[in-house]
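Next come two complexes built around chain A: one with chain B, the other with chain C.
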Partner chain A sequence: MSVAGIPMRIILLSLVVFLPFGSDLRSALAAGEEGQTTSSSPQSANPIDQALLDIKSEDAAVRSAAAALLIEKGDASLLPKLDEIRADADRATRQAIKPVIDLLKNHANLTSEQADTRRSAAADLVGTGRPEAIAWLEASAAKEQVWWVKYTMEESAQLMRLRSEDQTVRLLAIKKLGDLRSQNGLSALKEFVETGAQSEATDEQRALATAAQTSVGEIDSWFWWAGAIETFFRGISLSSILLMMSLGLAIVFGLMGVINMAHGELMMVGAYATFITQQAFIAWFSPEHFDWYFPVALPVAFLSAALFGLVLEATVIRFLYGRLLETLLATWGVSLILMQAARVYFGDLTAVIAPQALRGGAQVMVGVYLPYNRIFIIVLSIVCVLGIYFLLFRSNLGVRVRAVTQNRNMSACLGIPTRKVDAYTFAFASGLAGIAGWALTMVGNVDPGLGQNYIVDAFMVVVTGGVGKLAGTIWASLGIGGLNKLIEPISGAVYGKVFILVGVILFLQWRPQGLFAAKGRNADA
Partner chain B sequence: METKLPQGSKQVSDVEVLTEESGSSRREFLGQSGRVAAGVGVAALLGNLGNYALSYAAGGPPIKIGILHSLSGTMAISEVSLRDVVLMAVEEINKAGGVMGRQIEAKVVDPASNWDLFAEKAKQLLLEDKVSVVFGCWTSVSRKSVLPVFEKNNGLLFYPVQYEGEECSKNVFYTGAAVNQQAAPAVEYLMSPEGGNYKKFYLLGTDYVYPRTTNKILRAMLLAKKVPAANIEEEYTPFHHQDYQTICGKIKKFAAGGGAAVISTINGDSNVPFYKEFGNQGLRAEDAPIMAFSVAEDELRGMDTSALVGHLAAWNYYQSVDTPQNKKFVANFKAYCKRNNLPDGENRVTDDPIEAAYFGVYVWKQAVEKAGSIEVDAVRKAVYGQKFLAPGGQIMMDEANQHTHKPVLIGEIMKNGQFKVIWRSKGLVKPEPWSEYTNPEKGCDWINHQGTYQKK
Partner chain C sequence: MPEQMATQQNSRETLSFYITGFVLLVVLPVLNVLPSEDSWLYLSDFRLNQFGKFLCFAILALGLDLIWGYCGVLSMGQGVFFGFGAYCMGMYLALQIGKESVYGSELPDFMVWTQVKELPFFWYPFKSFAGALLGAILVPVLFATIFGFLAFRSRIKGVYFAIITQALAFAAWLVFNRNETRLGGTNGLTDFKQLLGYRLSDPSTQRGLYIMTVLALGAAYLFCRWIVASRAGKVLIAIRDSESRVTFSGYTPWMFKLFVFVVAAGLAGVSGMLYVPQVGIITPAQIGVLPSLEVVIWVAVGGRGTLIGAVLGAVAVNYGRSVLTNYFPEAWPFILGGLFVIVVTMFPDGLLGMIRKLSERKKTPAPLIKAEGSTAA
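Then we have the complex of A and B:
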């Protein structure tokens, strides 16, 4: 038994579990339960209280009798006590009393207000293997409103029926599981198929195997489609992340001809700004307003990254315009400095806790589950693209920016302050990096290496898309993200990356100027 | 030196006399201040010499040791803590009178997470600084990089991190766990009724030597324990991999129907996106627990633990281990970090490699005292069989194979980023550098054999 550095009560409780006959230990248990009101005599008046003690017996027979009694007579009122034991006891203890707790708790949870809790309860009841649960599940399924919860309840009931002794019940369950397209039933169904295929199989087993085979076929073809939809979603999700990272880079690269290796670190600034906002909320606001830190962090991340960008432009990049390699080296140096500074200043205590609304996901259909944080980033990237589109193509500032991009000297002659446009654009692109960093705290971690993880991919997207082309960046990120997710299930993550790199290299051999090339007189500029 | 000391004090009194003169000319003043400076300088120098003489008188010149941990670059986040704890051990030993009456002087170098630089810095420590022992390295690739340097120059390295085994160098003492002291017992635990009778295993790791070798051994072990090959899935991701959507989808499919566990050897910053995605895809520790070998308290500090609660890890030490010496160790480490203004100060935590780095210094000290010398060969022979009451409990250095006998502990992650110990091996587990599952014919012995040998 473990005696790790855990509170005294836990140790006492686990002692109770292992040495149930000591009377002082019993009073320790009572203290944990209802404040010393239980009598210390071994024969308790209340059978349920007695069973609560017996369940911790070392004798397997006593234990199972107590378990049966608790399951039969117990109800949700026992749960606080059991929950307390479950939360504090060590793993061995939990394993010993798990079936009772699971049954009682899940039975109670079937009527919970929270859909997630109801569903978890239905899923967990299968593991208990108790036939009593079938009736509970079906009764709850009849009343259930949320389709996904109802589905899980029906699925769980059928999964338990598979273990029945009755041939017709099993056959029906097999067919129902096929109708439900139950992924959780797949392994059990395949076992039926295997048993039926053996030479010494009985006729009954063969009949089960035939039915199971049909169901397996139904489930497999359904999940092929579900898998395709999920893969498509993952591709879109990865593309949206790539897009968020590359947007700012594409603007800077296209407009100023600056290879900004510190772009990743500007993302890092955005991520750390989110972290600081979170810490400020923890320090100054009450916990129920905690989730508001996330929307508040958006402008904070944008502005702080933009400010960094402005300073970077004014102190380093301004002096290196037109010297491509030198901007690359200088910004690389800046990125190293920023990284080490973050490492020294922040250390590694930088967890960002996702707001409640962005945790978990939505079950769209059987086999397709979409995490909220991913949906959020997809929507955000669309909003960013629209925002940039309006800024560049529908505003006065955008006209100037595009003019400078196309022909710097001519624009200067026409009175456009090109240096100012450069500075503002650089700051804006940096702000975009900040927003990307803000969003990425929802999928990844905040650490000094954050930018390094993404910068190569971002450059790959920009170069593939064609330098400085917004549409190119969008299509390239969709292509690279989608292709990556298409290849990954087949080749694994490592070779997936290799294939993508090789693909990009080959593509650039064929079209060195990228997807969308600059055309016309200034194409070579 | 003693004859010079009175001279020094005379100099000081001269200074006092000179500074008392007032109203002197500018030139004189300049001359005076020059002399004052010279006087102070000489006095300081003599003071230093005196100090040196004192330490010499106590037993000899200080013993130099090297610390070879990355203080910048990607591995800094993990390795800085090891430098801190080694320096803390040095400080403790020096306060208690040093080793054989001699003080320890630590030479810290920064190989900057760069494997080639590791070899270069190791060479510098051994040849230029002439240190008598080096405490260092984290990743296996850095250890492999310095290994030829230590072997060629007959240096001594204490390596404090759990690793994949299949190595038996007489110039390295491995104070971390071999595979049979961490990964193998963890999987055996998961297969036991107490651990949950898991039958399907998803081996997921970062793509480099430690996860690959560990998983090779685990796969051989699982097959030997009659787990069908179809129930073992193996997958690797590049370093710094951030997108775990596809893999979590695969795990979900793998875990459908129950009885599946994930064995994670994911390293470094990929862990956060992995655990986040795992939770966000609707997977729970009840559906498939993740058993991790590279996630310790130090890594958990930087994570949002709500996604990790209920998942498991296997180590030989946790900060939560309840021994008096551990309470003291944890308190001392926090105090040390605070006193020296290290980042996060009091919020620092201890974990398995930190403990292993710490007791490594003491094992070396005991061995030096036993050998009565700092010569590498003498010290090495003295290390064999050394026992030490480490923070996590008694440990013992093996009699012949350079590794450490340690207890194995399975912990469950709690909301506060600490581990609750849920299983503990009976006694110490003997280290096996060569796994019985993948290399049953090989052994490691530097007493009766010359390192790795063929068993008959």
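Then we have the complex of A and C:
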């Protein structure tokens, strides 16, 4: 290495270091060479190819002209080339290319197969702020089939129109956004209102402000309703979870006079059964069959919880029929044991991956998004209620169960095997808890405390509804679940629970036996 | 003949009361002070303090036994009243820390973290010791009066009452966990320094507290026995055995229930008040659903419907817990759960019932009347 070589290397080194800091320094350092490469590059006949070259130029004007040309004429087929250029370009070029890539990609995605991709492309185009996109959006919106995607395209187009220079275009856009009930437009509209309210505002700004004010009003009232509907939905969803839990409790309570504090843990058994089924599918089956684990887990959860129930009935509860407080304590002990067993065996946090069909949700109207897993739980609880109804009122076992509930001794005299009826009913109620656990894996983690989260509320439902009354249980769970979610946004979840407790106590002042009390001779039983 | 037996039993009970009192009040503290540390007779400060804690729990158990064992009303929310008493004392102790706190502020540490600049109004009564004492008893009593009035008047009974009180414990736990209630949130109140000028870290202070606890337990026991032996006590037992017959005889059962519920709450408050300075911390974890239920298991293990059983159960279960959690920390919930199941299904009368059954089997054929009913009266 020669001594004369050192200054040369320093120049090269500084070149590398200072390159990213802008074209001025770079041209000052190595004007000759760089200038040559640009000027000596061959003029291409195709304007797009030319633009692809020009975008690497160090002249800002040339770059932006090239970018504009690419946006106007280009399509998705250029994306690989642009990515290639961006990969080894300097900072200025990268900045010039970025919007081009974004726009072209989103433009291409507007015609994607996936509705979600089309929608997010439409939403992303607003951020680019390029007027060309308006035409694209409107063209796609005209062809769009899915209303929610179409809505987003129209909304995005109007949002971009807000930035127009033309007063009439802006006015129209403001009005349209109001008609669309656009939540994304709310902040922009409020800005218009604020500028219009300032003392130095021009007449034009004032006109915009009045229009914006109307639109904001429309949007706000719409979203109040949308919020109300979503709250209602969440209430129904919580109610159906409570319902699935308390149905089993209410049947057992009414039939056998057993307070099953371990009911929540039977639910946990169902949830863990689902988890184990999932693990088995991961271990033994190919990934494309993975989603099948969920339907398979249903009978697994039902049967395993029912089995636990049978064992529990045969070993503990059998000795305690009719002694309510004792069953309460003994089953509480069982629940402690099951919980700790789950904690020791499975650890604290395990989760189940939802099958594809239950991920995501449905946008039923502007501002109202209903997750599929919640809808699933609501539907499931309805199915459970119907199933129980048919079992109790339209089947042989049901007749026996109701007979034993009404008068145990008389039923025994008439030849009903009351012991067997008890055992089967208890197992069935436990299986029901297992199904509830199966469904709950879709909305939360599987953890040992799963049952505890709901047990107190579920018992409030049973108490409020009246012992062993299905109708009472349904109404009470709707009431308590709904109230819970109604109060939650106002006062927070904790005080919501306190209010519910106070509410239930006050309610029992008025109806001490619950909503649907047993009447006549059975009343004091 | 039965009367003679009753007096005989009474005198035996009185005798054992004095003996136990003497052991707890004199022998144990003396064993703590006199022997040298390596003597086998020596009782360490830690053990004495631990024993004091168990005796606090025994007061709590007495209250539950009164309402559950004698009156048949299962309250699964005793932890809440315990918590009220404990927090009242805890607030006083927290204010006594003064400038010694970590941040050197007059306010308790947690208020400094949570940006509270001024003492919340409801903390003011607890600046004085008398306020704390009164609060620790009156707050649970008042709360129990309101809650019990609403519950018993509308004839919420049996399991319904148990479930409602459990919901109460759950709700109270949630509320005490919040930071905005200004009670220290999840961390509770702790790091206490002194009580009436005595350092809490001093063994002699702890010994004093222990003696106070023994005296309080003795007083609570005599008080409960007085209630149980009175005419009202007989009504309580009658309510347990057949509430409708009591109603038909012209009594109003809910008033008796309310009375005994309030007494139980007051005892729980006293227990909490004595517990805090000995243990040095109170957190929401001690007032939730599970701690409230543990009280039930103490009484069930000891033998419900007998006051001695409640005391015995509280001490035995807690002692067992402290030993077992030392060796098998993960096993305790299994054992506790197992206790629930076994005691309820096999030994409904608890330890005391078992002892009594054994001794009776020796003497006479099993009596037809329920043992607990005849002794309690």
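Here is the rule we use: the second predicted complex is superposed on the first by the 419 of 525 C-alpha atoms of A that agree within 3 Å, B and C clash if a C-alpha of one lies under 4 Å from a C-alpha of the other, contacts with A are read in each partner's own complex, and residues count from 1 in each chain.
One rule holds in what follows: contacts are C-beta pairs under 8 Å (C-beta built on N, C-alpha and C of every residue); 3 or more make two chains touch, one makes a residue touch a chain.
Computed from a prediction, not measured in an experiment: that's the story for all the values here.
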Q.
On the A-aligned overlay, A:N46 touches which partner chain: chain B = first, chain C = second, or both, or neither?
A. neither
Q: For A:L506, select first, second, both or neither according to whether it touches chain B, chain C, the two together, or no partner.
A: second
Q. Which partner does A:N409 reach: the first (chain B), the second (chain C), both, or neither?
A. neither
Q) Touching A:D124 in the superposition: chain B (first), chain C (second), both, neither? A) first
Q: May I ask you to decide whether A:S237 touches chain B, chain C, both, or neither, giving the answer as first, second, both or neither?
A: first
Q: Check the residue A:K497 against both partner chains and state whether it touches chain B (first), chain C (second), both, or neither.
A: both
Q) Should A:T350 be classified as contacting the first partner (chain B), the second (chain C), both, or neither? A) first
Q) After lining up the shared chain so the two structures overlap, which partner does A:Q198 touch, if you call chain B first and chain C second: first, second, both or neither? A) neither
Q: Look at A:Q167 in the shared chain and tell me whether it touches chain B only, chain C only, both, or neither; answer first, second, both or neither.
A: neither
Q | chain B and chain C contact sites that coincide on chain A, given as residue numbers | A | 340, 344, 494, 497
(Q) Going by the contact rule set out above, which residues of chain C touch chain A in the complex? (A) 74, 147, 150-151, 153-156, 158-160, 162-164, 166-168, 170-171, 174-175, 177-178, 244, 289, 293, 296-297, 300, 330, 333-334, 336-341, 344-345, 348
Q: Over in the complex, which chain A residues touch chain C? Could you list them?
A: 259, 316, 319-320, 324-326, 328-330, 332-337, 339-341, 344, 456, 459-460, 462-463, 494-495, 497-498, 501, 504-506, 508-510, 512, 524
Q) Which of the residues in chain B end up touching chain A in this complex? A) 72, 74, 76-77, 193-196, 207, 235-238, 240-243, 245-247, 249-250, 252-253, 256-258, 269, 271-273, 276-277, 279-282, 284, 286-287, 298, 301-306, 318-322, 326-327, 343-344, 347, 409-412, 418-424
Q. Tell me, which parts of chain A touch chain B in their complex?
A. 2-6, 90-92, 95, 120, 123-124, 126-127, 183-188, 223, 227, 230-231, 234, 237-238, 241, 340, 343-354, 359-361, 363, 369, 371-374, 442-449, 452-454, 484-485, 488-489, 492-494, 497
